[in-house]
Structure formats: structure tokens, C-alpha cells
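Some structures to go through are shown next.
Look for subunit A in each of the two complexes below; its partner is subunit B in the first and subunit C in the second.
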Partner chain A sequence: MSVVGGTAGETPAVPPSPLHAAATHRDAAAHRRVLQVLRRSESGVWRWAGRIAVMLPLTALVFVLAVLAVKAAPAIRVNGWNFLTGSTWNAGSGYGGVTHTDGVAHPIGAEYGAWPLIAGTLQTSAIAVIIALLISVGCAFALTERLPRWISRPLGFAVELLAGIPSVVIGLWGILTFGPFLAAHVYPIIADHMPDVPVLSYFRNPVGHGEGLLTGGLVLALMIVPIISSTTADLFRQVPRLPKEGGEALGMTDFEVANRITVPWVRSGIIGATALGLGRALGETMAVAMIAGSIFQVAPNIYSPMSTIAATIVSKLDGAQTDGTGFAVATFAELGLILAVISVVVNLAARGIVHRTSRLGGPVGRGA
Partner chain B sequence: MGPTAARGSRRRGGLEIAFRVGTYLALLLVLGPALWILGGVVARAVPHWRWDVLWTPTKGSSGGLEGAIIGTLILMVGVLLIAGTIGVLAGIHLAELARPRKSGKPSGGVMRTAADVLSGFPSIVLGYVGYVALVVGLHWGYSLLPALLILSIMVVPYIAKSTETAVRQVPTAYREGAEALGMSMGYGLRKVILKSALPGIVTGLLIALAIACGETAPLLYTAGWSGSVWTGSFIGGHQFSYLTYPVWTFYNTSTESGHSLSYDAALLLLVIVLLLLVASRIVVARTQRHAESH
Partner chain C sequence: MTRISRAKRLVPAVIGGAALTLAVALPAGAASVKLPKSGVETPSSGTVSETGSSLLYPLFNLWVAGYNQTYSQLTVQTASTGSGTGITDASNGTADVGASDAYLSTSELQATPTLENIPLAISAQIVEYNVPGVTAHLKLSGKLLAQIYQGKVTTWSNSAIAKLNPTVKLPTLPIVTLHRADSSGDTFLFTSYLSKATPSGWGSSISYNTTVSWPNVSGALAETGNSGMVAGCKATPGCVAYVGISYLTQVLQAAQGYAALQNASGQYVLPSQGSIAAEAASFANKTPANGTISLIYGPAKQGYPIINYEYGIVNSKQSTTSTAKNVRSVLEWAVNPTLGNSATYLAQVNFQPLPTKVEAGSIKQILKVK
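What follows is the complex of A and B.
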């Protein structure tokens, strides 16, 4: 509108011309100016839409953290340090009445200690990362250095597909197929041959039914292999050819080239990718909730059923809603806060390492 | 020297063989389980497959999956609209519009860190926050909107990241050309830069959709479960159905129908994810051919 006003303001200076050509010229000028303003405002629209959109993840993060902190505050006050070290999980009696500690209402006898869950989270993730790292590096080697392109491409897609399989589907397979298979055919062999010495005795009988720490860790490993191996394969492709050829010219075997040139070249990138996988393993919920056995204990041996923080939240939050004082739900906020802090720290560290060592800038993170 | 060298070379040869076998074994250890999962689900779902599962509502743990299928599709469309819009705009902003700081570092450092932190956030914790703040706090009840919002928070960082990468890969010459032709910033962005970054953006969106449709943890305590088709309301305790719920819940029911619904849902999820990933591959392959022909 202002454009029309602008042209109208200018026209009195020029006497209205009877000439047709001048009129068209003036129309064209006005037309052009309208377009110009539209285009300039388009730039503004893009700029402002972008500014607003880029603020939203930050807003969401602040919102999420604030909700967790506010909700967890009473639980932190009552549970104290015992929450990190204790091994009792008792919601208290629903009929025993309500008491107050530091002004926070909770059922009489409520006592929460999450050590078995914290330990379980760290144990499953540790198993997953150790196994996934070995497999991923080998897999990345096979895909980038060994196999010809026409075969490594579809195989790479298959690995990518593994990352896309929903975690409940992997959990379903783990609980009904993989776990029972391991308990029947693999675990007995390991358990029967382990000597009774300090560390290895953790691998001795009984092997259980396939729901437990080791099965959970193995399935988690399977879920994070695609993350680590795709990043590692990208890194291997970036290693220049000359040093490798130089190594070969010196008479190095393939293993020596890999061990002394290729891997050291991208070592910190691999560490970063592994830490990303660790972050994913720590927060993985559904598959572990289905496979780990959901028993609140520090696993007495590596086959025993146990639970993790994420698995406990998803399977027990339902029951926590029956606590009329809301203290059980608040305790789950504290649990969530612990998990969030652990995985965010791991994730940021990983991104720092990956960012510093690779210029890929490719989307990394949640699966796929 | 002779024996030592011989022993050394034998050791080297042994390591070399172990290395070769090891790499192929590693590949097998990844591909084997992947095929095992796919084959296992197909083998359990297909023999009992009934086509009317697609259009029968769920009753208890029997019936069909009509509500869940439609629910998952609605969730995908909703995530595409909410997270897609926000993520793509945020990605464009990070790549193109945010001015570099004086130190020469790319700007938007805080925003980028926030997105990174959010993408590493455990999904169950996001689900908990949705339950506490939206379902209970705002009295929305188990319904579509809280589920959509939490799912969107989850995938926005991913879409923003892939969009930023795609836009950054557009050659600088294109931008200079647009400016030399007198295009305004916005017009050039739309007509030149986004046009050539589009395949990358679409790929990111497709993969984000694949992530969204396979999620369970953020939905359990925000969407609830009803088994019937969406009633059309966004809030107010109208519980919502989605495909991952039957997989998570029905596998340990005692009924045969519950088991087969669980597998049917798993199969449908795999089909959807596979279609999305293949579609993203096709987009990438077509643009690569396009780029190589130049």
C-alpha cells in the first residue's frame, strides 16, 4: 500500500503526460517497485521465521529442564544422597498414612535408593560399547577397504536399515527369539568353561532364561553399531591414500597399515562416534525394558535379570501414579534428571570430539 | 636372525589372517542379526496374516489395528507439519542467515548446542516431562497434542541438523550468482539455494519420520492408548492409538490373538520404516546422478 502512496506522491512533480509510452514506463516502474518491496519483505519473512524457529529448540530445552528440576526438587530434598547409593525401592504403604519430611509430604515408609538402576544402566551400556566398538571398526573396514563398491553399497544400506528398526521390534525379537536362543545354546558353553577366579567368576552359572544383563547389553550393542560404524566408515574414507600406499610400499601387511596408519589417523573421531553410541545406549528404553528382566537388583552374575533407569521409568511410572502424595512421581523426576545429566554430558563430550576431528558436519545422533 | 625373522613373519601372517577373518566376521555379526530380526518378524507375522487387520478396530487385545495404523499416520503427518516447519526454518537460519561473529566463528552457538543437547536427550525423559507438564499439569489428559509436541521436540534437532548440512553444501557460486542477478536475499534463497538443497532436506525429513514412527517411550505417557480411530480432538483425554503400543503390550498377553496382533504391528512398522528409508535412498541416488551429469 505504501508503494502506491509513494508513487502518487511523486507524480505531481511530473505533469501528466498524454504520451502513451511515458504512461507505460511509469506503470512499469510502479510495478517493479511493488515487486521489489514484496521481495524485500520476503527476505524479512525468511529472516524472522528463521529467528523464531531457531529459538524453539532452546526454549524446549529450558522448559524440559525446568520441569524436571521443579518436579525433582522435593524428591531430592527427602531422598538425599542415599538416592545415589542406597539399594531399597519402597514406595511406602498406601494405607499407612502420610508424613512430612522437610515440609514434603510422602507416604510413611517411603524410601528410594537407585544404586541398582544406576549400576545397571552403566553395566549394560559398558557391555554394549565394548562389543559395538570392535564390531563397528571391523565392519567399517570391510565396507570401505575390502569390498568392492557394488557390494558394499547395498550392505551399507542394510546396516543403515538396522538403525531404523524400531526399538520395540528389536525388543520383541530379543525377548522371544534371541534371548532364549542365547540361554539355550551360547551361555551354557561360556558358563561351563569359566574358571572360578575373581573377574571371570562373574560369567559362571546359573545362566537363567535369557532375560538379563548380558542379553540386554548385546541387544544394545546391535542398536548402536550402525551409529558407530557409519561414522567410522565415513572417517576411513577421508584418510588420504598416499600414507597407506607408502605403508604398503614399505612392506606392511594390511593389518599393519590399518593398525599403524588408518586407525591412528582418525582415532579421536572413532572415540567421538563411540561416545555418541554410548549416549544412545544410556538412554535406550524399550528394548532394555523388554529384555533386561525388570528385577530391581545389582546383577549377581552377568546373566541375571536387572533393570536400568530408563527401563524403570517406562515400566513403573504407571504404578507411581497411585501414590496420592505425588512423591513417587517426583522421585521419577529425580531419576530422569540423573539419566539426562549422564547422557547429556556424554553426548556433548562426543560432539566436541567429533566436531573437532571431522569436517563432515553430517547429521549424527538418534539412530538412522 | 633367520629363525627370528621366520617367527616374526609367521606372526605377521597370522595377524593378517586374523584381521581379514575378523573384518568379515564383524560384518556378518551385524548383517546376520539384522536379517534375523527381519526374518523372525516376517516368519511369525505372515503365516497368521489377515488383511482385515488393516480395517478392524482393536478390542482389548484382539480385533485389528485400524486405529493404530491411522494413528501412526496422523502422528507422522503432524510431526512433518510441526517439526518439519520448525526444523527446516531453524536449519536454514543456522546455515544461511545467522551472521558470523567477529571472531569468525559461526554464529548461533547457543542454539546449536541446545539442539545438540536435545538430540542426545533420553526419549523416556521427554515422555516423562510431557506427562507431568502437559498431560497432568495443563490438564490435557492423554491425547494427541501432547504426544505430537513431545515427538516434535525429539526430532526437531535432527531435521535442523540435516537441513543445515544440506544448505551449507550448496556452492557459494550459486549465492554469488543470485546476488549478481539482483535477486533479493529471500528470493534468491527460495529460488536458488533451497532448490538445490531440497533433496538433502527431504532425505532428512524422511529419516526423521522413520524415527518418529518407531518411537514408543515418549508416547506411552502422553498419548495413552484407545484402540479405536482418532476422534478428531487434540486434547481433553481422548486417548490415541499408535502402532508401537501393541508390540510393547500384547506380546505377553495370554491370548493367541494378542500375540499375532503384536507381530502384525511389528511387521507394519518394519514396512513403513523400510519404505521411508528406501525413499530417502532414491532421493539421494537421483540427485547424485543429477550432480554427476553436470
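What follows is the complex of A and C.
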């Protein structure tokens, strides 16, 4: 290119001649050939870029799990099954000396059982998903079916904006404003009226100071509402008008139309969106670390302080590094591995449900 | 001051015996570093990085500003990352100086035997509380605090507290214990105090560490960082918490009280310049060459019972001689009683200077860095 262009550029002042015309013709032909070669290689480049891009996420997942497993290996060997069921979290004292178990060095007195953290992770996520799902479906329904466009558009935008607020900011709001408000004005009302029967007794006094399981779950719900509601609203917009109008013609109320036609129509999509939200709730770290109370226990009631896997990793990893034997860090890798496995299992389960429900077929006249 | 004058006296002798010393020292490959008259080696241009303790971080920033007034050729980067990260970074070379409130543990020294913990200044810890209506300084003992943190004393009006504070009208308010969620030098200090005050109680069951297995106490909360402790205590009437003395200003701003703690002689002492210095003096002769000693519950009659050395964690084997010299220069400046250890810097965070004897020991440790 540059050589050919160079000869043309050297004679700009010379008036056009037949020779020059021939030269430009040759140039154009060369240019075309180069373009052809580029185009051919371009498709190859694209193909390979695509192949690499599609492999990257899978490779990253396998890599992360493999590295976690390797790093966690000494901890898995020493902690054993007790790590899943035990409720002791004692780093041991590095000042007290080092001992060996199965050839793995660790501080004397080190004993780890992560059950309260596993339970806490599942509890906060369950609360978050139940509440967020109810709010999101209601929100999506209002945005797509009930509200006039001039309200629903800015409202929908505001809901999606919520997803962009950093979790540390939400955590700060939760610990300074939301938690204390709930503990002072909302929780006492719930706690005072709950009968002392199984399940509901979990909601009885004392209500604490606003840092705990329920506050954590509620804040998590707030964080995943945008994920679920924006997807659900998009899904609702895709439900054709005809079956809904048919339902109305048959004398169904608005609620019945929503309950029997709109929601079942997109059920698998809602489950998929919920799985996304659940994934976020399971792994959310900063907000939970700030408002869950960070106490290592299975919450004795729903207001009690507790902690989750992710929150514990972020708040205790610094200290784990002071364990010169590296055993504490290995234990945290094991904790991370458990969280990764929980996330993968949850996602696979959601996928299975989506697969099953999407085969069931819709209600009246699906695909009309 | 004594150290500098001693160095002055040594100068002729060192020059006189230089030929002999060099002949002996050089084959060993370790030319000994000697402190110049000014007390601070002149650094070459470059960068020294510091990470670690959030308690030492504000002071370190003050130090850097002062240090750069004289030695602008050296850039000192500081970061507040927590003591654990500071120690790890110093041992693997990510940072040149790690800051820690706690001395190195046996396991850390086994992992990296060339690490030095060098005392840089003296800090103390206060026990704060948020008890509405109580304006006086409450008297609290280690035994009582251990009972509170084990859930054996659960209200402020408990007779055990009332007995120590007969003139104070205590409300019938549940006690909410706060402890650190993250691993912390402050937890190390507080649990050391509880352990030493009740060796057969807290000391034998829970003991001391940067994180401990806290007993389950109803309503107990965990907070991250000193600022988290102050904020959490402010939001929670009935709370009791332990925070570094550099946060005293924030505690007072939040209108919370802090306790007079019982020392080993049975006296109830408030943290003050005098009581901290008295406690520090009682440990000056006992501080070993490697700086590793707990300054908790000392014998001083009027000493405040929870004080500690703030440590600079440095690997004595540095990658280059110029980095080693720069690190030495910064630390020599920091422990110098007329420079970094003067009240100009320390008073701003309520820290106290090192006793002369300890400072001489720190200089010896600093000169080991090569």
C-alpha cells in the first residue's frame, strides 16, 4: 500500500498523463486485492475472536474453581466434614505456637466450622428473593399494565437506576437510617403481634438495634428488585394482547387476567430473572457485611445479628493473613469454594426449572 | 538525645579504627551501617511504601509531611489496609514498611524469620460507653469487663457495676457489647487486658489474639474498624466498646463517655499523658532487643493498663541497598525524639513518645535493615 501510494504521491504537480492514468488504474487493482486479502483474513480473525470469547467465561469459571480447590486443599483435609456442620470459628493463636494435623501446619487451637455462615447466606438470600419477587412482579405489572406511559417511563427508569447505586452506599444507608428506623418503628409491631407457634415464633422479640438477618435480607431485596423487575416488565410487554382481551371478555377480573394469563405466559422467564437476582444476593458482600451485624451465629430470631460467607470473607481476610502457617487463608479459600458451589448449584437448579416450565406450554391459546 | 551524643563520641573511634574494622568486616560481606550525627541517614531519591494499621495511618501521614520538608527526594506512599495486610505485604515485599498494632506472632516469625517489629510510638486504648444520663467517667475493672463480654453482667444497673461506681446513678439499661468484626490489633490489646486481669477466667478460656472466638452474648454487635466502633456505639444506647486512643476526639464529639480502668495495682486510672507515660516507663527496661513485648496491665502504680507499641514491620533483608537505606532513613526520622517522636506529631493523635531506652533499641533494630 505505502509503496504504491508513494509513487502516486511523488508526482502531484505533474499534469494528468496517460501514463499516470495507467498507474492509478494499477493502484486501484492492487488496492482491491489488498482489501480482498484483508476481508478473507478478517473473517478468520472474527471466527477465532468469537471462539476465544466464547471459551473465556467457561475457562474463567473452571480456573477460579480449580485455584480455589487447590488453595483450599490443606483446609479441606484438616477441617473435614465438620466444616459444613460445625459452629465454631476459632483461628487459634499464632502467639501460642504451631502444630501439625495430617501434615498440615496450623496454629494451636484452630478450629473452623462454617455452618452459621452457610445458613446465614441461605437465609438472607431466601428473604431477599421472596420479598424482591413479590415487589418486582407487582412493580412490573404496574409499569406495563396499570400506569399511564408518562408516569411509568420515569418510574421504570428510576427502578433501573437503583441497580446502579454502589452496594457500599446502600449499606451505609442501611446501617445509619433504614436499620435503626425499622428497629424503632416496624419490627416492634411485627414482633408484638406474632403468636408463639412454630415458624412464626421466629419473628418474636427481641427486635435488637436494626443490624441483623431481616434488615440484611430487606436491603438485599432492594438491591435485586431492579434485576428482577426490569426483566419481568420486558417479559410482560411481550405477552400478546389477544389472550388477555379474551380473558377480559370472559369476565375475568384484572387480577385473574394477571394471575392466569400474563404471569403463567412468562413464568419461565421470571424464574430465570429470579435466579439472576438470587445469584446476586448470594454473593453480595459489602452491604451485608455492614448491616448483618457480623456476629458468628445462626440467628436465634429473624432480627438477630448474623453473618454470611461473603461478608465474613471480606471482613476477616485481612486478619487471616496474619496466620503465618497460611491455614486461615486456606480456610477462607474453602469458604469461597463453598459459596461458588452454592451459586453454581442454584443456577443449575433454576435452569432446570426454566427448562421444565417452558416445556409445559402456556395457558389459553399460547402462541396465538 | 543520649543516643546522638553517644554517636558523637563514637565518631573518632570509628574513624580511627576504620582500616582495621574494614579489613575484618568486609570479608564477612556485611558492612555495618552507622548512624550519622543528625540521627537520620540521607535518603536517595526513590519511593518507600507503607501499608497496614488504620490506627497508625493518620500519624504516618503526618510523619510523611514532616519528613518531606527535609528530605523531599524520597516519596513515601501510605495506605490504611489493616495490620494483617501490612504484615503480609512487608514479608512478601509488596510494601517496604508494614504498620501493626500487635507484635508478630510465633507463626509469622516462623514463616518469615527476617521480619523485625520495630516500636515506633506508644498508643493506648480506651473503653467507651453510651449510657444516657451518665456523664462521669465510670470505673471499670478487667474482671468486670470480662464478665460483661461473657454475658454474665447484662445491665448497667447491675450491682457489680454499682459497687465500683457508688456515686453514679446507673439506668436499668441492657448492656450491648461491641467487638471488632475484622481482625484487629485493638482486639488483641483488649483481650490481652481481659486475659491478664482474669488469668483463670478469660485467660484460660478465650485468651488473646487479633480475632478471638467471642462468647455468645445476647444483643452483641460486631463492627468494622475503629470508626465503625464509634459510629456503632453512638447509634446504640447501652453499648460498651474498645477503641484506639487516636479516636478519642471522635468519641468526645459523639458525646460518649470513657472509662477509668483498673490497673494491676488496683487503681482506677484514666488514659492521660501522665498515666500512659508512667505505664510505658515501667516497661522500658523490660523491652527485649526484638521489641516483642505486651505492655498490658503493667506494675506502674498510676499507669493506664492498656497501652502498646505501634510497630513498623520491616523485612531486614531488603532487595536493594538503596531501598534499605531509604527505609532506615524514614524510620530513624520517625523514632527521633526531636523529629517524628516529638509532641508536634504525636499529640495530634494522642500518642506518646518512646522512652529513651526503647528508642535506642528501635534504632538498633532499624540499623539491622540491609
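Here is the rule we use: the second predicted complex is superposed on the first by the 285 of 368 C-alpha atoms of A that agree within 3 Å, B and C clash if a C-alpha of one lies under 4 Å from a C-alpha of the other, contacts with A are read in each partner's own complex, and residues count from 1 in each chain.
As a working rule, a residue touches a chain if its C-beta (ideal position, glycine included) is under 8 Å from a C-beta of that chain, and two chains touch if they have at least 3 such contacts.
Everything quoted here is computed from the prediction, not taken from an experiment.
Of the two partner chains placed by superposition, A:25 touches none, neither subunit B nor subunit C.
In the superposed model, A:225 makes contact with subunit B only, not with subunit C. When the two structures are aligned on the shared chain, A:193 is found in touch with neither subunit B nor subunit C.
Looking at the shared chain after the overlay, A:319 reaches subunit C, while subunit B stays out of its contact range. By the touch criterion defined above, A:260 reaches neither subunit B nor subunit C.
In the superposed model, A:161 makes contact with subunit B only, not with subunit C. When subunit B and subunit C are set side by side, the one touching more residues of subunit A is B. Once the two complexes are laid over each other on the shared chain, residue contacts for A:180 go to subunit C alone; subunit B is not touched.
Of the two partner chains, subunit B is the only one that A:134 touches; subunit C does not reach it.
Once both structures are placed on chain A, subunit A residues 175-176, 290, 317 are touched by subunit B and, in the other complex, by subunit C.
Against subunit A, in their complex, subunit C makes its touches with residues 81-85, 87-88, 102, 105-112, 176, 181-184, 207-214, 216, 218-224, 231, 235-236. Looking at the complex, you find that subunit B touches subunit A at residues 12-13, 15-16, 18-20, 22-27, 29-31, 33-38, 40-41, 85-90, 92-94, 96-98, 108, 110-111, 113-129, 131-133, 137, 153-158, 160-162, 164-165, 168, 183-187, 189-190, 204, 207, 210-211, 213-217, 220-221, 244, 247-248, 251, 262-263, 266, 269-270, 273-274, 276-277, 281.
Contact residues on subunit A toward subunit B in their complex (touch as defined above): 36, 39-47, 49-58, 60-61, 63-64, 67-68, 71, 134-139, 141-143, 146, 155, 157-162, 164-173, 175-178, 222, 225-226, 229, 253-256, 258, 279, 282-283, 285-286, 290, 310, 313-314, 317, 329, 332-333, 336, 339-340, 343-344, 346-348, 351, 361-368. Note for the complex: subunit A touches subunit C at residues 88-98, 105, 107, 175-176, 180, 206, 208-209, 211, 289-290, 293-297, 305, 307, 315-326.
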